[in-house]
Amino acid sequence: MPPSVTFVISSCSVQESKSTGMATKKLGMDFVKQMSEYASGSNGFDRVLRMIKITGGGDGRAIGEFTVANEHLNRQGTLHGGLTATIVDNCTTYALMSKGSHPGVTANLNVSYIAAAKPGEIIEIDCHTVRAGKKMAYLDCILRRKSDGKIIAKGGQVKYIQFDKEKLDF
Amino acid sequence: MPPSVTFVISSCSVQESKSTGMATKKLGMDFVKQMSEYASGSNGFDRVLRMIKITGGGDGRAIGEFTVANEHLNRQGTLHGGLTATIVDNCTTYALMSKGSHPGVTANLNVSYIAAAKPGEIIEIDCHTVRAGKKMAYLDCILRRKSDGKIIAKGGQVKYIQFDKEKLDF
Amino acid sequence: MPPSVTFVISSCSVQESKSTGMATKKLGMDFVKQMSEYASGSNGFDRVLRMIKITGGGDGRAIGEFTVANEHLNRQGTLHGGLTATIVDNCTTYALMSKGSHPGVTANLNVSYIAAAKPGEIIEIDCHTVRAGKKMAYLDCILRRKSDGKIIAKGGQVKYIQFDKEKLDF
Amino acid sequence: MPPSVTFVISSCSVQESKSTGMATKKLGMDFVKQMSEYASGSNGFDRVLRMIKITGGGDGRAIGEFTVANEHLNRQGTLHGGLTATIVDNCTTYALMSKGSHPGVTANLNVSYIAAAKPGEIIEIDCHTVRAGKKMAYLDCILRRKSDGKIIAKGGQVKYIQFDKEKLDF
C-alpha cells in the first residue's frame, strides 16, 4: 500500500475533527481520488487497478467503479478472484486513509465470492471503515453489479495501524 | 480459474485411484506445470502470475517459486497483498486439479500476512488439498522466503466443486 | 445446527414467493423465534445461547439481543470470542432458514472482534442472508452495543446448502 | 482469554531464549496444562472447555484432546461449530502464551469445517504459533479424529499483542 511518508496532498478537502480515539483530520473524496491515482500510477502491482474510477468517499469511505474487461478475467471468463482481492485490499485502504490514518499493514484479508461478474458489466466498489482505533483498523468492502445492485463479492481486512499524530499531519 | 472443459492435457502422468469420495485420477507435477503455464499464458488476469515456476506437486499438491520483482510491489516497496492473494487463489486451484478435480468456484478466500517480502527475495509457494469431497474442497497455501524458510503469508480457500465423473476424464 | 427434518413449525407466518433461484417459502419473525427456542432448548451446545431473545427477523433476517452476564465472559472479564462465534454461527443460520432454506452445513466461519463487551451491556445481534443460491449461502452478522450502537464484532459464514424442494415443505 | 496480569505460574518449565523479536521466556507443557486448567476452571464461558485434556505443547505449541459428548453437539448430532471455534480461540492462545507472550486480544478468527465429528469420537487439537512478533501474533489450529487422523476442522486467529517485557516476567 502507499507509504505514509513522502507524498504531498495539496488540494484535498480537509475537515476538522474532535474525535479523540481516531485521527485529527478527515479527508474528502478528492483525497480518495488522489490516493487511487497515486497508487495505480505506479509500475508496481497497483497498476492493475488503473481501471478504477473513484466516484465518492471521504471520511472513512471509498466508492468507485470499473467495467469488467478481458484483462480482468479468469480462464472461465469472469472477474478473477485475485483481482477482486486486490480491489478489496487497496480500496479499503483508501477508505481508511480518508479517516486521516496512515495506510498501516494488512494482517488479514478475507473475501467471499458470491456471484460471477462478466465482461462489460459495470461493478461498483463500496468500502468503509468499520473502526479505526489506535492500533487496529477494521475495513469492509462490497462489490455490486451497477445495473441491478446484485452483490458480486464481499470482503474486508484487518490492519495494524500505529496511531501517530505526526504522521497524520500530511 | 482455468475452465474444466476445453483443454487437453496430453503428457501428464496419470495414476489410477480407487477413492470413491474423490476423483478417479491423480495427476503429477507435469500436470501442475501445464496448468500453471496454461493459466498464466492468457491475456486475462492470470498473466500476472507468469513469474511463477512450478517446481513440484501432483496428487493434490502444487509447489512453485518466484523472485520478487518491481512489478510485484506495493507502494511501500514490498510484495503486494493483492498479488499474494492471487497466488493463493490460483496455486491452490492447481493443487486441487492435480487431485483429478475440476477447478470449481471459489466461495471464500482468506490470507494472513505475516511478514514482508522484498525485491530480489525468492519466495516458495506450497499449496495442498486439505480435503476434496464431493461438493466442497478445502485448500491451504503457505508462502516462505527460500533463503531461511521465514513464513511470508498463509492462506487458503474454500471451493464449491460439483463432483462429476465425466468432467474428470480430461 | 438444527436439523431440517423432524421438527414441526405450526404457527409461523408463511409468505408465498415466486423466486426461482431460492426457496419457495419465506418465513417470519415467529419462525425465527421458534428456531432459536428449539435450538437453545437442547442439552447440546446450543444451550449456551438460551439468553438470546429474538426481537425481529424473517425473510432472511434474524434480529435478537442479550445482556452480557458472568457466564459469557473470558478471563479478562469481557464477552468471550468463542461465544461470539457461536452466536454468529447459530443466528445467521436462523436468518438463512427464514428464507425457507434448510440449515445446511457450515464451510467457513469468520469473525472480526472490534470492541470488547462488558457485563451488563445489552448486545444487539443482526444477521442477514447476503445470498442463498441453489448450493451455497452467504450470511452476515453484526453485534452492536444497544446503548450507543457501537459495533462489538462482525462476522459471517459460508454454508453449503443442497437446495431441495421437499425438505423445504416443513 | 486469560488475563496477563494477576496469576502466578509456579512450576512451569522455563527455558531461556535469546530471541530478540519475541518473548524472553519459552514455557513448557506444564505451563500449557496450567493455563488450560486455569481458564476452564472459571464460571465464565471458558467452562465449556473443561473436557479438554492437554497432552503436549510448550514453546509456542498446545496439544490436547477430548471425547465428543452430547453437550458438545449441534441439533444435527455432530460437534457444534461454535464449540469448535471456542476451542480454536482458547487453545491457540495457550500456544501463544507458551512462547512467553501475554494472551493479547483477538482481531480475527477463521475456522473451516471440513468433516463432522460424532459422539464418542476422540478429537485431537493441535495448535501452534506461526509468528509472534512485537505487535501481532498469527496462530493456527487443526482438529483431527484420533482414530484415523481425519481432519475435522482447521482454523486460526490473528491477535494483537503489545510486546511488554514486564508482563512477560510472570
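For reference, chains read A, B, C and D in written order, and residue numbers begin at 1 within each chain.
Just so it is clear, a residue touches a chain if its C-beta (ideal position, glycine included) is under 8 Å from a C-beta of that chain, and two chains touch if they have at least 3 such contacts.
Values in this document were obtained by computation on a predicted structure and should not be read as measured data.
The set of chains in contact with chain A as well as chain C comprises B, D. The chain with its C-alpha centre at the largest distance from the centre of chain C is B. Taking each chain's centre as the average of its CA atoms, chain B and chain C sit 34 Å apart. Taking the mean of the C-alpha atoms as each chain's centre, chain A and chain B sit 26 Å apart. Averaged C-alpha coordinates give centres for chain A and chain D that are 34 Å from one another. Within chain D, the positions touching two or more other chains are listed as 107-108, 110, 112, 138, 158.
The residues of chain A lying in touch with chain C in their complex are 110, 112, 114-115, 130-131, 138, 140, 151, 154, 156, 158.
On the side of chain C, the complex with chain D involves touching residues 1-3, 38-39, 42-48, 70-77, 80-83, 85-87, 89-90, 103, 105-113, 116.
Interface of chain D with chain A (complex): residues 107-108, 110, 135-136, 138, 158, 160.
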